[in-house]
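Take a look at these structures.
You will see subunit A twice below: alongside subunit B first, and alongside subunit C after that.
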Partner chain A sequence: MALSLSGESIAFFVLSMMAIGGGIMMINSTRVVHMVLALAFSLLSIAGIYVLLHAEFLAVVQVLIYTGAISILMLFGIMLTKHKVDEEDGWSGRLGHSLLSFLGVGALFAIVMGVIYRTPFAGKVAATKSFTVEALGKSVFKQYVIPFELTSILLLVALVGAVILAKKEADS
Partner chain B sequence: MNTLIDYDWTVMAPELTIVVMAAFLSVIDLFLHPNKDRRLFMWPTLIGIVGAMCFVGMSWGKPAYQILADTYRVDDFALAFKMIMLIGTAFITVMSYGAFRKEKGFAEGEYYYLLLTALLGGMVMASSGDLITLFVGLELLSISTYILVGIRKRSVMTNEAAWKNVVLGGVASGFILYGMSFLYGLTGSTNLFTVRDRLGEALTSGYDLYAWLALFLIVFGFGFKVAAAPFHMWVPDVYQGAPTPITAFLAAISKTAAIALILRMFLIGFIPLFQGGRGTVLDEKTGGRVLLILAGLSMIVGTVIALRQQDAKRLLSYSSIAQAGVILVPLASWGPFLFPSTLYYLTGYLFSTVGAFSVLMLIERESRDSHLSSFAGLSRRSPFTALAMTLFLLSLAGIPVTAGFFGKFYILANAVVTGSPEHWAMYLIAGIMLVTTVASYFYYFAIIRMMYFRASQVEEKLRIPVGAMIVISVAAVATLGLGLMPQLVVDILGNVDWGASLAPVK
Partner chain C sequence: MQAMTFIGPVILLGIVLGFVTIAILFERKVIGWMQGRHGPNRVGPWGVLQSVADVLKLLLKEDIIPHQADRSLFKWAPVIAFIPAFAVLAVIPYTSSLFFADIGVGLLYYIAVSSITTIGVLAGGWASNNKYALLGAMRSAAQMISYEIPLVMAVIGVVMSVGSLNLIRIVEAQKDLWFILPQFIGFVVFFISSLAELNRTPFDLPEAESELVAGYHVEYTGFRFAFFMLTEYVYVFAMAGLTTVLFLGGWNPLFGMDFIPPIIWFALKFSLIVFALFWIRATLPRIRIDQLMQLGWKVLLPLALANIFLSAILKEIPWINQFY
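Presenting the complex of A and B:
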């Protein structure tokens, strides 16, 4: 596969490096605030990739919800809770464990990449013009209305769970 | 395309009953004074479950029906699984009655309606032919159980269990979703029947490895959910740390729901991979072999480690890993009785497991730990409980005149008579099953020996609450009844046209 150096591929390259870099930064930083910022950075880069794929609506939603709402929520969470920053050296695992996890992740990566490279993808580009917000809304509220409604119950359950697990007992 | 009103929504009655009852309980919980005793929430929960059971029973035997491109479908396969889950949750509701009375700050109101939402997730998993609904159902079940496992938040062990459950359960869901995304990318549809048709085409045009990758990723995640080796590491800690009724829920109902999910996905969506035969890198036997390895390994690992356990709760957790292996044998070996043998075994397993855990709950409450020695002298302290526990353990071990014996026999017969070309593998898995069954006698009998031949430190009678008493008696009668008269259930399961559950609704 010859890599044509168009503006689009350069943009894709930069954005994906930013997304992966943000992920790595998030894992490696020791301060919670840095983690949140790295995560927001990574999610913003993914929004850029969506734009490249002509999924503008998804990109806007990504910025609005993930980069905006979720990051702000996390920052509020950090602000409102006690967060004694662990400045100690975070790396306390045994060498054997990290070696094993590295091997496992490496094997998974090798297998997935191997499979992707062996698969002959057809060169056709899907007609992304027909994937409008209107079509999205129709499929969510018509065909997929049952899972959609179930998701609302799911969110309610998650909320209830967060409240009962996190609240301090007022009993005496 | 049909609009929403064109469908007959009454087929969703069981799910709607559960949703309405859960909503009702959450509102009541909100308005009830915080210091009020919420034990009585057991009744509405039970009424909801029994109502749903009636609806399930009423639609049994009717032709399959689907709503909105199979995002919800009701067929006898779904109804059978739903019935097992409803019975199991009804048991767990009743045994929870008053079980948490002495615990300060225990969210008992939430406990009951989270049980209902977990059940709802399981029911949705059983009755869907669409990847999205299957996954949402799985998450609803998983998230509700994450909370239920950690609900006793003052105990360190519970916190550890909840933490492990969330992290590993999340990883497992991630793997399943990743596999599903490959499947969707390859076929462009989330409907399992469309996936099946397009996967057949894709296999012949060089995309076979892609499909296999999806299958392996889903098996990976599914292995976690069903607690099969080598994905079993989380099981003992989580089962031990969770409140005992929830442990029973995880062992019986979560497992049943996961089996329903995997049966649907493998026997509808992935079926081209099992037929295959087109000279690709992996041949059509691979899928069956993977499942056989999963089943065999679970039986061996679960049994071997259970032999060394000194804690009854951990022992039962390892035994449930071994049982997961047995339940996977019909799917791995196919054969003519795939559905009836799986469902029969799940039914028997449900009664024995729930019964055994409710006895364990009583012992645990009395002696504050679940060590094997806590069972000492139970036959003198409460002859009835000891007898019932013996029955449950015999059933789990697969000894005649119990449900477990006939279940194992059915699965074994199914594996041996299967028309699979790989006879040696079938005999091998049957051999592993027999050997691990015999080995399992040692640890099951360790508990029985404790109950009958060891003197107890305490001589006073064991106090048995009414709820636990009812659960233990009903489960004991069912375990014995299914063992003595298996034809009652086998006849029902045998007369079902299972093929209709795997075909699109006309």
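Presenting the complex of A and C:
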């Protein structure tokens, strides 16, 4: 399997490195706010990968909802909590343990990659260039209109439920 | 790849920086004039070099990072806030041939990317480790989230009549009639929400100096502070451009006066919006936080929803539907 070095593959490489890097940063941070920001960065990189797949609408919605709204919601919650960090994050494990876990993770990675490369992918490549907003709108509001409406009712019920729960707590 | 792909954004950055310099001076002059003062008049003739001097001072100032601050986040926050402000300019079409990106979801792109700035503001307020900064950041985030909803709802009427989210197609659809007339409710809701999104008076609660010192950037000095201010004025540029494109017909001429080049038409409408922003700042007092939330959720949002229904109904009535 030859990997051609086109602009698209370079962009994919950079974006996936950013997404994975954000994930690693999130795990390694000691402060919760840093974690949320790393998560937001990771989610933003995934939006970039959607753009590469010509799914512009999905990419923009990803930025709007995940990078924007959900990260801000999490930050909001966290900021009202304690600011001080417990700086006890010292190196405590033995060298043998880390070596052993590195070997284990490496072996798992090798097995997974080996299986992925050996699996033949069935089916043809989809024509992603036809995934315009217009086509998306037509399929959601014509073909899948009943599931769409049901979902909206479900969300409305959840919203009303949240309001009622919050009201009960405020009264007591 | 063409050379313009690389040079174009640099030229745009130069134009935007020039706009910011002039806009700050213009704002101070206009407000001074409306309040019966002179405004800046010491640096250069008519005070033209005042902003240049201010920027120079900011760049030469000592860069102070508070001892208790979160150092890395404190440095990153202005960058996180500024990058989206400049990135949104990519989708705004200036004339039918002068634009940077022609993407199908241009309008949504603007709204999505501009919401990232809130993260920078929150991060800056939190990293400063100052209660006023944190309170200012919280208010700012609450305000931006609350007013983003009516802002988006207000443009749905426009999107419905064009049938596209592409900003160039939206301008082309306004060849005969600008959307400010059929979508007047939408325009009013959009304009008020955009004032709140820009954190400008009467919605400048995040930096209410009488109660919060200076809001989220109270601990910032020098060029980092300059970056936050720059973000704010770049958003003024972007929002004025977006309002022009959505409701004032972009580069389309008025009364068929097409002997004036389209870019001048765009600049005229754009300047009108910028002037209106300064005019409102000089006229109205700041509102309270509870009034702010009530206005957003109880007035603007229902109005925007009503506008969507009205547009949908009028779109089905014969004869009237030619305007929608």
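What we mean here is this: the second predicted complex is superposed on the first by the 99 of 172 C-alpha atoms of A that agree within 3 Å, B and C clash if a C-alpha of one lies under 4 Å from a C-alpha of the other, contacts with A are read in each partner's own complex, and residues count from 1 in each chain.
Here, contacts are C-beta pairs under 8 Å (C-beta built on N, C-alpha and C of every residue); 3 or more make two chains touch, one makes a residue touch a chain.
Not measured: the values here are computed from a predicted model.
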Figure out whether A:E8 sits in contact with subunit B (first) or subunit C (second), or with both, or with neither.
neither
Using the superposition on chain A described above, determine whether A:L165 touches subunit B (first), subunit C (second), both, or neither.
first
Figure out whether A:V115 sits in contact with subunit B (first) or subunit C (second), or with both, or with neither.
first
So the subunit A residues that subunit B and subunit C both touch are none
Can you list the residues on subunit A that touch subunit B in the complex?
111-112, 115-116, 118-120, 142-147, 150-151, 153-154, 157-158, 160-161, 164-165, 169-171
Footprint of subunit A on subunit C - complex, ascending
70, 72-73, 80, 103-105, 108-109, 111-113, 115-116, 118-119, 122-123, 126, 129, 134, 137-138, 141, 145, 163-165
Given the complex, residues on subunit B that touch subunit A span 1, 3-4, 19, 22, 26, 34, 67-69, 71-72, 104-105, 107, 110, 113-114, 117, 120, 124, 130, 132-133, 136-137, 139-140, 143-144, 146-147, 150-151, 153, 162, 206-207, 209-210, 212-213
Touching residues of subunit A toward subunit C in the complex: what are they?
31, 33-34, 37, 40, 44, 56-57, 60-61, 63-64, 67-69, 71-72, 75-76, 79, 83, 132-134
